[in-house]
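Presented sequentially are two complexes of subunit A, the first with subunit B as partner and the second with subunit C.
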Partner chain A sequence: MKQITLTPIKFSSIALEFDELIPDEIYGWSKEDFEKYEVPVGNSRFPLTDYYDIEVEGEAQSPEEVKMIIDGDAGRVKYIGCKMDAGEIVVNGDADLHAGAEMEGGSLTVNGNAESYCGREMKGGEITIKGNVREYAGTSYIGEWRGMSGGKLTIHGNAGKQLADAMSGGEIHVMGNCDILAGIHMTKGFIQIDGDVTRWPGGQMKNGAIVINGRLERLLEGFELDAIVTDPEVEGRQFTGKYIKYTGDIGVNGKGTLLLNAEKNRHHL
Partner chain B sequence: MAYEPPVTDYDKIVENCTCAFCGSNCDDVDILVKDNHVVGVRHACRLGASKIMEDEDQRLTVPMIRDENGELVEVDWDTALDKAAELIAGAVRPVFYGWSETSIEAMKPGLELTELVGAVIDNQATICHGPTVQAVQNVGYPLMTLGEVKNRADMVVYTGSNPMNAHPRHLARYTTFPKGFFRKRGRFDRTLVTWDPKYSDTAKLSDIWVPFEENGDYAFCNAIRAVLKGKELKQDVISGIPKEDIVALTEKMKNTQFGALFFGLGLTHTLSKQRNIDIAIQLVQDLNKYTKWVLLPMRGHFNVNGFNIFMSYEMGFPYGVDFSRGYPRYMIGETTTIDLLNRKECDVFMVIAADPGAHFPGGALAHLADIPVIQIDIHWGPSTELADVVLPGTFIGVETAGTSYRMDSVPIFMKKAIDPPETCREDEWIVNELLKRVTKLKEASK
Partner chain C sequence: MEYILKNGIVYDPINEINGEKKDVMFKDGKIVNSVSDDAKVIDVTDKLVMPAGIDVHCHLAGPKLCVGRLYRPEDERRGVKPKTDITRPETGFSIPNCPATGYRFSKMGYGTVVEAAVPPLEAKHTHEEIIAIPNIDIPPLTLFGNNWFILQFAKEGRIEDIAAFVSAWLKITKGYGVKIVNPCGSEAWGWGMNVHGIDDPAPYWDVTAREVIRALAQANEMLGLPHSIHIHPNDLGHPGNFPTTVNTIDCMKDIKKNSEYRNQTIHLTHAQFHCYDGTSWRDVTSGVEPVADYINKHDHVTMDMGQVTLDETTTMTADGPMEYDLYELTGLKWANKDIELETASGLVPFIYSGRNPVHSLQWAIGLELALMIEDPWKVCLTTDSPNAGPFIRYPRVMSWLMSYQRRAEMMDNKEVHAWAGRKSALGTLDREYDFYDIATITRAGPSKIYGFEDRGHLGAGAIADIAVYDLEPNNFDPTRNAAEVEKAFSNALYTIKDGQILVKDGEIVKVVSSKHVRTEVEGFEDEEKRILEEIMPFFNRYYTVKFENYVVHDHYAEPSSVYKVNASK
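Take a look at the complex of A and B:
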């Protein structure tokens, strides 16, 4: 097992890009290799040691045996864990844009907030954000019609607008509140939101399932009321209590499922 | 309005010039010239005419550099260009913003310079129709040319835009009033509809006004789509509009022969941003199951669309393209100008043919005040107050010829009517000079 600890010593307002510092690339690196490495900053590259104290303990034969800890605020470090396939990354602070984007395996934990595009086009693995996320978590690349397709994204705080745009697989669990248009253009996959939702979940969704345990303010006309169900099972998960079940979005002939907690959403009946 | 007698004292008329104001690019403008000055403009609207006529007002004529006392002082071209090149060559996160009021010919060396230094190149779409471009990437672009609308359209819908104030000749020249091949009676053969929370000047002129509530656009379009799919609406009032009205409007839209939907920033910048456009495009796609419908964004500057077309053609991305890693990247919120400024990432800012000082949010301007700004423009404006190097350009379409793209993506060559002031240089020349000088500096530092 190899543990790499990066402790920030200098803040750069121009974001650092960490897409090359993923377990798949660095499992064989020694401390000297890290000290030689130059990290992309804007249109240049500067030594990583300008920004971080680096400690390397232990040995690893494969990416699975790597644990990388960014021990402090990474609010200006983009692409943390981007395209990682194995191993573990922990951020003890905030993470900047594209945390865990295009991730295929392994795990990423952010003990703070994450900026936009967290888990963009995620294919596998597990991301846990202990704080809030901004816009477009688990979404697609701009213009792409296939978003997150696998893995699990857990958000302990709130999620911003347009969560999981064009989601085609995987699972998202938001424990806090969620802003407009969660699961827009969704074709498959599962979203659970425990808090309140402002407007329009599932806009133009074709398939997949969204479960909202809090109060939903506004529902789109594209959703048809199916029934009131008790203790429903959705995609292999059991929920207890009464739920209002909708199908939609009929604007796109969608067969998606939207379940609203009946107690908190009486105003829709 | 006071009566103004027609201008009779002029040397020559330069016919069929193109107006360099809004995205309508009216190319039937006649410019009256006397002693190499514009003394009158015919056919243009008041906005276009005033831009062409009053161009001499507050004109930038000589290059300037801000000295250590914070004052702009006049310098020669070599000094100003060398200073600008030095700033660009030494930057880590340069942003080159603007381009929408200059020609495609000037964009070409601009893109070369961007690639050379690994900068971000962006245009005004980043603060106007950017969401439109994103939606077009997602769900397609059922567009037409304005000539088709003139000759065929029997229903014209404007939403989130007020062309009577912002594109004054749009209705008169392209969409509503002109007599077309299949619309012999002009206005009488067309139904004009406005969807807008405000009772705008265009709404006053319309046959039908749909005042949906602010931020209600997404749910409104969703309801029309549901009606088109045969659903009976459940809610009595959707986005502030009674359901009966939505059903009646949908029927009318289905029963036209050729419908055209025009939308402006009122749609792109409300709550759901690009998703409003996304659903409007899909609504147009749905309507095409019944009859012919098309859609077009009301672009603002005369060449804002040109930059998007040029960049898409050259680099595959329409705006906000970042070359910092050597290859083009495009990500809203990351490589777009306002975000780079708000996050205080940008360290050298070059603005060409735009006025961020007048349009950007306070946070972005606060950062602009802290970093070196290079301005290439023809007028003294709020951006000049922020600029450290000022390079005076020439007025495309009046002093310099060049290519622009109309809002419906038709390229139009804009001819020149008068000669530019002797001390000014064409944008294309300035950007080419910067490219040469930065290349020399980069080679010297290798």
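Take a look at the complex of A and C:
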């Protein structure tokens, strides 16, 4: 097991990019290798040691044996854990754009907030955000019609707009509130939102399931009421209580499932 | 500055040099027969030397590309490369940014690339993008096939007026030749319709594709333009479209050519998309045989392949209704453009896959065409970039043409679907192109077809556009080493443009401005003036821009290379 600890010593207002510092790349690196490494900053590169104190303990034969800790605020560090396949990354603070984007395996934990595009095009692995995320979490790249396809994204706080755009697999759990258009264009996969939702979940969804345990302000016209169901099972998960079940989005001949907690959403009936 | 490229194995079909070991000399940007003792020697002993490549049909500059980049950011992120001391940053795969377009062509040893479809209204934008693309000369073809004035004149049979209009509009748009896309069909798209076959009239104008094609061809020959008409026929990509294709080229056979350099009066572009038999995508089969047979028996036609490369790409064409059909088929995003009195274009992303039966058949049809047409001078290598695949795949297409073994391997080990073998004759075609044939379809043939007397060969007086590849033709078997063929043609050892070394060892070492290659007709000025006066009231009424702002001014087309034509009436 190898533990790499990066302790911030200098803040850069221009974002650093960490997509090269993933376990798959660095499992064989010694402290000297890190000290030689130059990290992308804007359109240049500077020594990583300008920004971090680096500690390396133990040895790793494979990426699975790596734990990397960014011990402090990484609110201006983009692409943390981007494309990682194995191992573990922990951020003790905030993370900037694209945290865990295109991740295929391993785990990323952010003990703070994450900026937009967290878990973008995720294929596998697990991301846990202890704070809030901004827009486009678990979504596709801009313009792209193929989004998150696997893995699990858990957000303990609130999520922003267009959560899980074009999702085609995997699982997202938002424990707080969620803004507009969660699950837009989704074709498969599962989204659970425990808090309140402003409006329009599941716009143009073709398939997959969204469960909302809080209050939904406005529903899209493309969702048809199916039934009131009790203790439903959705994609192998058991929920207790009464739910209003909709199918949509009929605007695109969608067969997606939208479940709203009946208690909190009486205004839709 | 004088140079001598020493001891290369030279393939120069125009001068009938077939793999001879010889020196190529150039001075001040031109090929010469001798140089002084001070000449700088570049040793390319035993390496493959050809004239720089000429691409006859590519979409690389203009509004379609710009729309494509705007609405496909997911394509732009493929192929990102940071700037270097010499080059600017690169982005994109099927629709690269302008600098990347130039660098990538240059790396493949290309020197001239034709922009295949320029709507006159957007010609300024095309020239702006040519300014931003480095290292290759670009002749833009101007679109005429759905132009309201042309439709009107063709209906009335006013050939001389069409000639005057073409002559004037080539000057206005700083274009090189006449491009026709789905004649009457793109205009019908304004009514939400399309036309089928060459005798289906356009709504309102009541004129058929046959009349438009013939009229434009007669005008083209009246002016004696260096290139013939360049046509994307009706019914692109429809199963059962091969009769339309044969009819299109057949309706031209009595038109006399007026050019000494080229042989054809019609160039059929991306022929792969026009050679389908059957009635639907379920029973579609290859329709290459009748088309290839016609081309083999007639000399007034040349073609380019439009080879499918099995990549994710972006389709873009001034064939608006076809793009709508494609959008219906794929369900992916679609962009549509209406170019006022001139044409209608569209864009749809497309994923060609070897697992898909139809795409695999398309792949086979392109190769079948190149292998069944006997005379390589009638064939050009293209992918209709980016429609059937991005241009960076040309070397891969070369490797397929050069190796029967590789083609069979692809069909045997399921890199392509069984339809490729079952519904086409590709599996039975064991012809293999050699380096001389490759030089013909990518250099010499295009030079002849376009009337580029100054390029596409290594004779004295030609511009010094030369490509050297890291292959030793005398010690190398391209029929057994497809991967190496692709690698070598992708990364030229040297690309020399106008006598300057732009690429060395597969890397860009110098960046120069691209030239706008265009045609100017002389001796038709009075007719041009008369026709402009006649159409101006109509122009002012229907265009959203003023004529003064429509014209491409000289500073848009610097530096230029102008082919002067004496209209021989």
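The criterion applied here is as follows: the second predicted complex is superposed on the first by the 269 of 269 C-alpha atoms of A that agree within 3 Å, B and C clash if a C-alpha of one lies under 4 Å from a C-alpha of the other, contacts with A are read in each partner's own complex, and residues count from 1 in each chain.
Methods note: contacts are C-beta pairs under 8 Å (C-beta built on N, C-alpha and C of every residue); 3 or more make two chains touch, one makes a residue touch a chain.
The structure displayed is predicted, hence computed values, not measured ones.
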- [ ] Following the overlay on subunit A, give me a clash-or-fit verdict for subunit B and subunit C.
- [x] clash
Open item on the list: Touch test for A:Val229: subunit B only (first), subunit C only (second), both, or neither?
Closed with: neither
TODO: For A:Ser44, decide between first (touching subunit B), second (touching subunit C), both and neither.
DONE: first
- [ ] Once the structures are superposed on A, label A:Trp145 by its partner contacts, choosing first (subunit B), second (subunit C), both or neither.
- [x] both
- [ ] Go through the superposed model and pick first if A:Ala262 touches only subunit B, second if only subunit C, both, or neither.
- [x] neither
Task: Per-residue touch tally on subunit A - higher for subunit B or for subunit C - done: B
Open item on the list: For the superposed three-chain arrangement, which subunit B stretch in 310-318, 364-372 or 436-444 runs into subunit C?
Closed with: 310-318
Task: subunit B/subunit C common contact set on subunit A - done: 43, 141-143, 145
Task: Residue ranges of subunit A in contact with subunit B within the complex - done: 13-15, 17, 40-44, 76, 78, 97-98, 116-117, 135-136, 141-143, 145, 161-162, 180-181, 184-185, 199-200, 203-204, 218, 220-222, 224-225, 249-253
- [ ] Would you mind writing out the residues of subunit C in touch with subunit A in their complex?
- [x] 71-75, 77, 82, 332-333
Open item on the list: Per the contact definition, I'd like the list of subunit A residues that touch subunit C in the complex.
Closed with: 43, 140-145
Open item on the list: Under the stated contact criterion, what part of subunit B meets subunit A in this complex?
Closed with: 91-94, 117-119, 134, 137-138, 218-219, 222-223, 225-226, 228-229, 231, 233-235, 238, 271-272, 275, 278-279, 282, 286, 323-325, 330-334, 343-345, 347
